[in-house]
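Let me begin by handing over the structure; questions about it come next.
Letters A, B, C and D name the chains as they come in the text, with residue numbers starting at 1 for each one.
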Amino acid sequence: MAGSIFGRQFCVSTWGESHGKGIGVVIDGCPAGLSLCEEDIQRYLDRRKPGQSRYSTPRKEADQVEILSGVFEGRTTGTPISLLVANTSQRSGDYQEIASYYRPGHADYTFDQKYGFRDYRGGGRSSGRETIGRVAAGAVALKILGELGVAFRTYTRSIGPICIDLDRFSWEEVWNNPLYMPDAQAAFQAQEYLQQCIQEQNSAGGVIECVISQVPVGLGDPCFEKLEANLAKAILSMGAVRGFEIGDGFAVAHSTGAENNDPFYMGEKGQVQKASNHAGGTLGGISDGSPLVFRAAVKPTPSISREQETVTREGENIKVQVKGRHDPIIVPRAVVVVEAMAALVLVDALFSGMTARMDYLKRIWGPTGPVA
Amino acid sequence: MAGSIFGRQFCVSTWGESHGKGIGVVIDGCPAGLSLCEEDIQRYLDRRKPGQSRYSTPRKEADQVEILSGVFEGRTTGTPISLLVANTSQRSGDYQEIASYYRPGHADYTFDQKYGFRDYRGGGRSSGRETIGRVAAGAVALKILGELGVAFRTYTRSIGPICIDLDRFSWEEVWNNPLYMPDAQAAFQAQEYLQQCIQEQNSAGGVIECVISQVPVGLGDPCFEKLEANLAKAILSMGAVRGFEIGDGFAVAHSTGAENNDPFYMGEKGQVQKASNHAGGTLGGISDGSPLVFRAAVKPTPSISREQETVTREGENIKVQVKGRHDPIIVPRAVVVVEAMAALVLVDALFSGMTARMDYLKRIWGPTGPVA
Amino acid sequence: MAGSIFGRQFCVSTWGESHGKGIGVVIDGCPAGLSLCEEDIQRYLDRRKPGQSRYSTPRKEADQVEILSGVFEGRTTGTPISLLVANTSQRSGDYQEIASYYRPGHADYTFDQKYGFRDYRGGGRSSGRETIGRVAAGAVALKILGELGVAFRTYTRSIGPICIDLDRFSWEEVWNNPLYMPDAQAAFQAQEYLQQCIQEQNSAGGVIECVISQVPVGLGDPCFEKLEANLAKAILSMGAVRGFEIGDGFAVAHSTGAENNDPFYMGEKGQVQKASNHAGGTLGGISDGSPLVFRAAVKPTPSISREQETVTREGENIKVQVKGRHDPIIVPRAVVVVEAMAALVLVDALFSGMTARMDYLKRIWGPTGPVA
Amino acid sequence: MAGSIFGRQFCVSTWGESHGKGIGVVIDGCPAGLSLCEEDIQRYLDRRKPGQSRYSTPRKEADQVEILSGVFEGRTTGTPISLLVANTSQRSGDYQEIASYYRPGHADYTFDQKYGFRDYRGGGRSSGRETIGRVAAGAVALKILGELGVAFRTYTRSIGPICIDLDRFSWEEVWNNPLYMPDAQAAFQAQEYLQQCIQEQNSAGGVIECVISQVPVGLGDPCFEKLEANLAKAILSMGAVRGFEIGDGFAVAHSTGAENNDPFYMGEKGQVQKASNHAGGTLGGISDGSPLVFRAAVKPTPSISREQETVTREGENIKVQVKGRHDPIIVPRAVVVVEAMAALVLVDALFSGMTARMDYLKRIWGPTGPVA
């Protein structure tokens, strides 16, 4: 069954493998009239592009996006937007060897079991390059959200044992270090830690945090389509993510109702506000006007040069050293993917919420056509 | 937009409010030929029924399920199964007062903002009673999975600061204490802790763990429909859950590739096995034959008798004491809901996986009809 | 896989069999704030209720609807609406005999092949009573459309060889004869024809026509979700329908471009209008502001008392006379089902169209919540 | 909302405009292990390619398909298949003029109303070139169906007043005339008729018929997902189709139950068979083992060179002669599109039917993985 389509109304259909002809995405359901050009998308793709620092694979890919359809004279037409990123640096020869065995921590074994065989070149569809389609589509979603005033801040919260200190938090700093950490001192320490990992032929994990402000009240549906439920799915659908939490997250297990409940009060402009945000921006699965705050736990890169134990396709126990161009850490390049996935969820929730009330219908539809 | 339908092939459509006529669910997509009776469902509903211990609301509800359609002579017919649980203990008068203000930690405010007004009786659709539909549908999913050998163990891992000790783990103990903890000593301590919460007009949170064994290899799809992504959505769609993790979960952020990768080796029966299970049973979003292990962080009951600050619908700051029949903790009654939601995800993944290979098609369809 | 859910945003999940406990439907996705009571639904159900005339089965069913959820203080809440019609006149004994053979023109054989067995009582899920769920849900859709000014006229166009004459068309006449024909003379002739069919232990077919006016321009999506495509699916999903056409329909095959193209001209109020309506109200799959006009071809009731040839489940050639309470014609009772199905399609298209333009989004969502 | 995605399990996402960079489709949900190469797809695309005869537009397009993903070493991998056909003959200058007015019979007006503006070059997304994505995806579906023995015969049944004579029916003849008519004499007469249309600057319509044999029993679901319902949607989603009928279709309206019911009898090999096929291959929405027989009514090409009345975008009544490269008839090129759409529906029904019975599940899933 289909597994590469995301979204109920803003539908994103991604395709492509690490060593195929390219990676792409079709967006079906983008409203007409959005100003859109390739540069709008490229700047997000550049944040995940390889070779930006010593902490990402040296594979050389321009990752240049091309808009193939759905935009006319600089604006979206309301019909499907097809985006293409050609692969230019496929050196399949590197991967011939791994065809014969199962890399620990990778999807080699499960793909073989599920499908009977696999495209073993660079992980095929399970490659990190698959996220290009997510980021390209997410960039369009972010453009829509930006027009409605929604603002994203996504960053590396921790790498291995090094966590940012909120007292030193500086949003601008995110753009000054290759790890996208909003704390210069933590970024420095994390780089030292990563150097050590590289020397030890090892890899590191970390936590990505996303804070979304100016989110309209009322996004998300009760029951199964809670906003945090769709965010959790979106984030856990990323290859290396093993945990998701919103607001206080796992800390709520140790909290009490008196601590965890956020009191309401009337703001100065006569708006209902919350005195705290333990909830992370949702109540009953619906956005409450506070910033959305969630975190993703990212595992260490499974590709390490160190010798590991595994088995061959023929069922022989062996020891292997996985060759290739590995990132010692996935976290920094995954930051923009988290942002993209969250944007896809929010746009879908925005669309869904358009029909929440009868009077919303009347704002759009008059008796003989759209209301002017 | 619709928010109360779950599943792509095994589709579950739940309905009902706390103080309406009842709660129910329609299951569309259940295969024909499954032996099914009301008792199969009732035994799961009984695990979430109120009034079982001093730690759950004293509201008296039989929560008796009735099968209205889809079963003929003891077997499912392949057509929709409609399940109904009548509400019998609605005392709406209790709730008249909360119509006028927004309870902290509840969905009162967001429902009002989203829909313009709300059914304020007992939380309406955002009541914990909504989970009856989930559990009833999950019971059918669990029956299907049971026929394929899949086995579930779901239990309370921690309550407030009290966590089970794996050295004392006893599955049978789960049925001996009202908290569904597989550790008698922890259960005793947790009950003392809850007594203290009750005395302080406070409430507690906790962590639920689910271990699913004998899961077929190959469940889940690459990209957006990863098995853990759908589990995360399912679990975060439960009202009080604020976090989800699979396998080592958030701990992976501190781990390294060398530690976190699970080595493969050949088992005695010639099967590929993993020497450890940091991954929690999936690789690349697809089940790997190891047990699925995941956890949910559950917040403290937001309904507490203690005085809290909030605002009225008219925008006045007030202090309130929320009356009503509250659980001091949600965790024990949520255990079976976690199990039910996981079962819905697994059945959907089983169905989805039926078309993964051309030769699977040929096992079902011959040239002129189903293969005998 | 699920087959009893209809609609992408206004999702309708029907259930129930002819001789089970009842028939029902869950509507997920109805906007909040719609005034709704049981009488709003009942008046549509009464149009398909059996026993209204000598041309429908004498089975006695009150077909009384009950709203179980989703309505509070007379208005929809935005959460699922569960509707129930209890079966009261199930005489299963009538049907014991047909368990053993396959009625020609019925789904007995295909159900057995698909599912391995079947609920043979009155056709089970393939009974005409299944349409109760459609009509109940359609009634809610019609209420929504009515608030936007959309108006339906659905009627019997022909029965057997008797077709209405447009020169004698009278909408009021529809309510004066049991056949829902808008032509008194044709209705008289059709009744004579039906009497003859009854005498001959035979049954008749016919054509239903639906004209929907005041349809907003812009409903339907290009490509697969064309308005007429969804109408066609909706109508062909009715048990006895074998054909669908919109506008000139099959007559276009004999027409020419010069005849078939509808010229545009400017109306008196400065609106674009069409000089003719060969298209039946859509261009490129999108409503054009002209009335939607479509027709459904309904087959003769397959249940006839006359002797027929068939086979038993054990594979023996036999001759049978199907007993039971049969309608000599399905058409009159199907008129309201056609209307209900069309309404479901239109509401879904209305919802879908809410996100067609960026400026529609801005009408609903301001920077910090729904625009007041 | 998304309108260019078709199918529930075999999901097809098409994109592209007449004068954009290309046309394409992403197929998500194709089973792994299907042998597939570009030639498998190209031979279907060649049947709809322009410039094949004097009855299709002289626009020169190679319509060469390229497989961008999802195939490895000649077999499908189970991951998305991206197919691309580049546009090579876009002469946008031709269309500058039609930007200013609404062509009768086209979607110009409705696109402007729905989206606020339109890509006017060659109809943009509403161009007949949109069907390239359908045919490319359909070719993959046809390959799957071919492996299961399902066989298609799709042909032109009538053009204007010229209908094939069943006594002269010859399947081979379909490949001998440019109209895909299985009757040489009718094809000759139809060509004379079309010559006359061309001379009169007019265009013609017709009927396409599709007969699918060796269809497994049991495809299609009761209620909304009836096989004929999905066929109807698929066929009506084609731009120029105005009617759909299955089996006897609209003729059932004049028939009687005694005539229309197909008697069952036991075939020589002990199989249940039908003595006639008025039903066209389905009973209760489920395939019955007889050939599927359905027809589509195709309207005359709306683009005609003759002068027509219309209005400008500014609301002025004008007379226009639409320039460009028009087909005098759409029917012959639409034959393969009908076949492709039907194949998409059948594959989806095949997939859906895999979970109809509990014992089908057990054929695929053993306790610890797929059954070998």
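Note that a contact is a pair of C-beta atoms (placed from the backbone, for glycine too) under 8 Å apart; a residue touches a chain by one contact, two chains touch by 3 or more.
From a predicted model like this one, the values you see are computed outputs, not experimental measurements.
Participant: What is the set of chains touching both chain A and chain B?
Facilitator: Chains touching both chain A and chain B: C, D.
Participant: Quick check: more C-beta contact pairs at A-D or at C-D?
Facilitator: C-D
Participant: How many Å are there between the centre of chain B and the centre of chain D, using C-alpha atoms for each centre?
Facilitator: Centre-to-centre distance between chain B and chain D: 44 Å.
Participant: Based only on mean CA positions, could you tell me how far chain A sits from chain D in angstrom?
Facilitator: That pair's centroid distance is 37 Å.
Participant: Rounded to the nearest whole Å, what is the centre-to-centre distance of chain C and chain D, using the mean of the C-alpha atoms as each centre?
Facilitator: Taking the average C-alpha coordinate of chain C and of chain D, the gap between them is 26 Å.
Participant: Of all residues in chain C, which are in touch with two or more distinct other chains?
Facilitator: 1-5, 8-9, 14, 29, 32-33, 78-79, 113-116, 125, 217-218, 222-223, 289, 351-353, 355-357, 359, 369-370
Participant: Tell me, which parts of chain A touch chain C in their complex?
Facilitator: Touching chain C: residues 8-9, 29, 31-34, 78-79, 144, 147-150, 214, 216-218, 222-223, 271, 289, 350-370 of chain A.
Participant: Provide the residue numbers of chain C that touch chain B in the complex, in ascending order.
Facilitator: Listed in rising order, the residues are 1-5, 7, 9-11, 13-17, 20-22, 24, 26, 28-29, 32-33, 66, 68-70, 72, 75, 77-82, 113-119, 124-125, 351, 369-370.
Participant: Quick check on the complex: what are the chain C residues that touch chain D?
Facilitator: Touching chain D from chain C are residues 1-6, 8-9, 14, 102, 104-107, 109-111, 113-116, 125-126, 130, 158, 160-161, 197, 200, 202-207, 217-218, 221-226, 228-237, 239, 242-266, 270, 272, 275, 279-280, 282-289, 297-304, 306, 308-311, 315-317, 351-353, 355-357, 359.
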